[in-house]
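Below: one structure, written as structure tokens.
Labels run A, B and C following the written order; every chain starts at residue 1.
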Amino acid sequence: MVTAVSDVSRVAESSSPNGATASTVRYSGVSKRYPGADSDAVHDLNLEVPAGEICVLVGPSGCGKTTAMRMVNRTVEMTEGDILIGDRSVKDGDAAKLRREIGYVIQQIGLFPHRTIGQNIATVPNLLDWDKARTTERVSTLMELIGLDPELADRYPAQLSGGQQQRVGVARALAVDPPVMLMDEPFGAIDPINRARLQNEFLRLQAGLRKTILFVTHDVDEAIKMGDRIAILRKGGEVAQFATPTELLMEPADEFVEDFVGADRALKRLALMRVKDVDLWKAPLTHAGDPTAPVKTELAGAEVPHPLMVDGENRPIGWLSDRDLEAEFVPKVPDSIANLKIDADQTLRDGLATLLQSGALYAPVVDGRGRLTGVLSVEIVSDFLSSPVAAEADIPAVDRPRG
Amino acid sequence: MDSLAALSAAIEFRDRSGGGCIQDNKLFCPGWVVDNYDRYVDPTLQHLVLVLSSVSAGFLIAFSLAVLAHRHRWLSSPFLAGTGVLYTIPSISFFFLLLPITGRGSLTAIIALTAFTLQIIFRNITTGLRNVPPDVTEAARGVGLTSQQILWKVELPLAMPEIVAGLRIATVSTVALATLAVFANGGGLGGEIITGSNITFKTGIIVAGGIAVIMAIIFDAFILLTGKLLTPWTRAAL
Amino acid sequence: MIAPPFAFSLGLFGDAFNFVLHPQEAQGGGVMVGGPSQVLELASKQLEVTVLALGVAILLALPIGLLLGHFGRGEFVAVSAGNAGRAVPELALIALMAAAVGVGLFNLVVALAILGIPPILTNTFVGMRQVDRSSVESAKGMGMTNREIITKVELPLAIPTIMGGVRTASINIIATATIAPLAGILTLGDFIISRNVYGDAGVLAGAVLVALMAISIEGLLAGVQWALTPRGLKVQRA
């Protein structure tokens, strides 16, 4: 189901309503109080979502995150303040017209059971009176993009699985290539395995489309995985913190944020890094038949306690024990075969898990072809956890390693 | 259909008052009603008998059908279709289709009225049973109840709201429909609507029709209350 | 009461059959009755008033039900209309119409339409409210106007319930059209009501014809319902 990025951008270029790419979304002093309520559902919200980024609104139930999102397409009308998309206020003009330019995905999906998948996806194009040929082509492009067999276009929602229906919901929202998308717990109703898959595929899509997305969830792990920036809301619709995932994890603004993020927030950071992105240990390398003397000298100043024997392609074979080093030349078969190897593209979290599960303190790291790139150790991981935030900005969500 | 002559001919005799109001056939003459109310006693009682017999019979039959169809699902469609045909045929027509078999009289009327109630009650009982949450029946089965016990102790009680709704609809409809029993010589309030061969006595129509409507309302409320009494758990919520 | 007339009953069906096919002399003598042409005349009259009344009822009740259902207002009125409509005895309505307002095709169609409106109004309202809320919400969020939501999303999904109301209305209307002869409009019911003219054979023939007409119209409406129900819904049921 991997679609090349070039295909994705083909989708992006075709049919933008005003040829625009993503726009910023800015909340300015926005409040919402429902009639008869004695407190605001959303209180004085000020937030700026940079163009092309995913901003996750997260918080406990009743914190106003869904209300805040829905004020962007006016499915809920704000009582005070304004929301600007680009430089246009959402209050300008007709609500229905505004909504046709914003992608909208809700948790229960809300596909129309009486229409085919193709007709569902074509909903907004039809409302905008696109000509049939263009619509049909767009529908099949989108279906391929989201990983659905275009032949399913004539089926009805009741004939699809939950995961497939969710994809249709996303395709439907992307139909007219809107610059802004609103997603309300879009993957909430799916089982964890498929949810992870859908999240990854969506991030892959976003890598090519770069839309401005407002994403609501109650799951802080999803927020960290999906968000370029995260806004944690308190009950009563106030922003407790608005920051990148790493800032959130390393410097929670207050106790509420700390509790919400979870006691394991340090570990959560490990999911944001790839093994190859940290400084790995260098092991003294040698080959079968090499003299042992040079390697013994190197060992003195190395971080790794044993030298590593590799083959001609630099692939790790095993560790040389002290007894191995007593000989003048490196034996063909080392005492300790390197059965444990860590994939360089894995998250740091998975790498650590691999180490811990085998009871090893360190293991060689290899690339896609099995060639050595360094050695990962538990010590490296704990050093990383206690280091200050990296100087470079957070990796965008779309480029992050995916579990 | 002339008024005055036929009217005075049709209003037999024991008219003790009314005078000008009746003569002019005004819409509603309270004076006349007060003086003549006892002529409505018998028809009302007959009407009650008609309604009670047909709804009871209808309920018993529809209930048995529904329980059968609940156990053997394939019976649902044919039963639904069968009761549907009976529901579609206008009662008047039904009375006279029965003519060769049961002749004229209240039995004919009751059979026809019963037939009319079958589909409503059957459908509601079936829907009520189907809407019982499957996890409840699963739990009951897990606890060791037999199918029979589950039906009587779990499914039927939980289906009560639907069943009560169906009974209410059936009863109200039957009260209205029973006015037609007069055509089958079955008595009832219809006789006071068409007095003799004349249907223009306005006060009479309104009184007879009014009694029917009031009877329907009373039955409706009664069934509703009884239903609520029998299902304390629906009241307990909240 | 049942056994002896049985042999007699077969004969009566034969007489009824005869009645439809051949004009014969009236019971009271004098005029010729029965036969295909008279049957056709009365049948088409019944069909005419039924279609007119049903049409009017749909034209009035459907839009109101759609609007009330979409905005979620007026639940009490919409649901009570159904309950109230059921309690009105058709006989009293026709009689009152004849007595107070006067006879004639127009008045009859109005009275019949009044009987047909409650079930259509109630069912349309309920059908609209029962449409899956998430479909409506996503429609609104994607930028459909109220009119578009009603026509493209809610109405198609509510068709089964709405048609159920239309079918109930048609049953009421047909049944009442059968007694329209009381108000001077001659429909098939005349065979049934005026026994002294048409004889037992005529009565039975009338009963059968009315039943056949009712069943046919029901079948037709069932077909219409099937045709109007979106494929997506039928697939769901599977």
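The criterion applied here is as follows: a contact is a pair of C-beta atoms (placed from the backbone, for glycine too) under 8 Å apart; a residue touches a chain by one contact, two chains touch by 3 or more.
A quick note: this is a predicted structure, and the numbers were derived from the prediction, not measured.
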| item | value |
| --- | --- |
| Farthest chain relative to subunit C (centres taken as mean CA coordinates) | A |
| Chain pair bearing the highest count of C-beta contacts | B-C |
| Subunit A and subunit B, separation of their C-alpha mean positions in angstrom | 64 |
| Chain centre separation (subunit B, subunit C; CA means) in Å | 19 |
| Mean-CA-position distance for subunit C and subunit A (Å) | 60 |
| Residue numbers of subunit B (touch at least two other chains) | none |
| Residues within subunit A bordering two or more other chains | none |
| Subunit C-touching residues of subunit B, taken from the complex the two chains share | 1, 25, 27, 84-85, 87-97, 99-103, 107, 169, 172-173, 175-177, 179-180, 182-183, 189-190, 193-194, 199-202, 205-206, 208-209, 212-213, 216-217, 220 |
| Contact footprint of subunit A on subunit C as seen in their complex | 132, 134-145, 148, 153, 156-157, 230-233, 235-236, 238 |
| For the subunit C and subunit B complex, residues of the former touching the latter | 1-2, 5-6, 8-10, 12-13, 83, 86-96, 98-100, 103, 171, 174-175, 178-179, 182-184, 189, 192-193, 200, 203-204, 206-208, 210-211, 214-215, 218 |
| Complex contacts: residues of subunit A adjacent to subunit C | 70, 73, 75, 96-101, 104, 106, 108-116, 123-124, 127, 156-159, 169, 172-173, 182 |
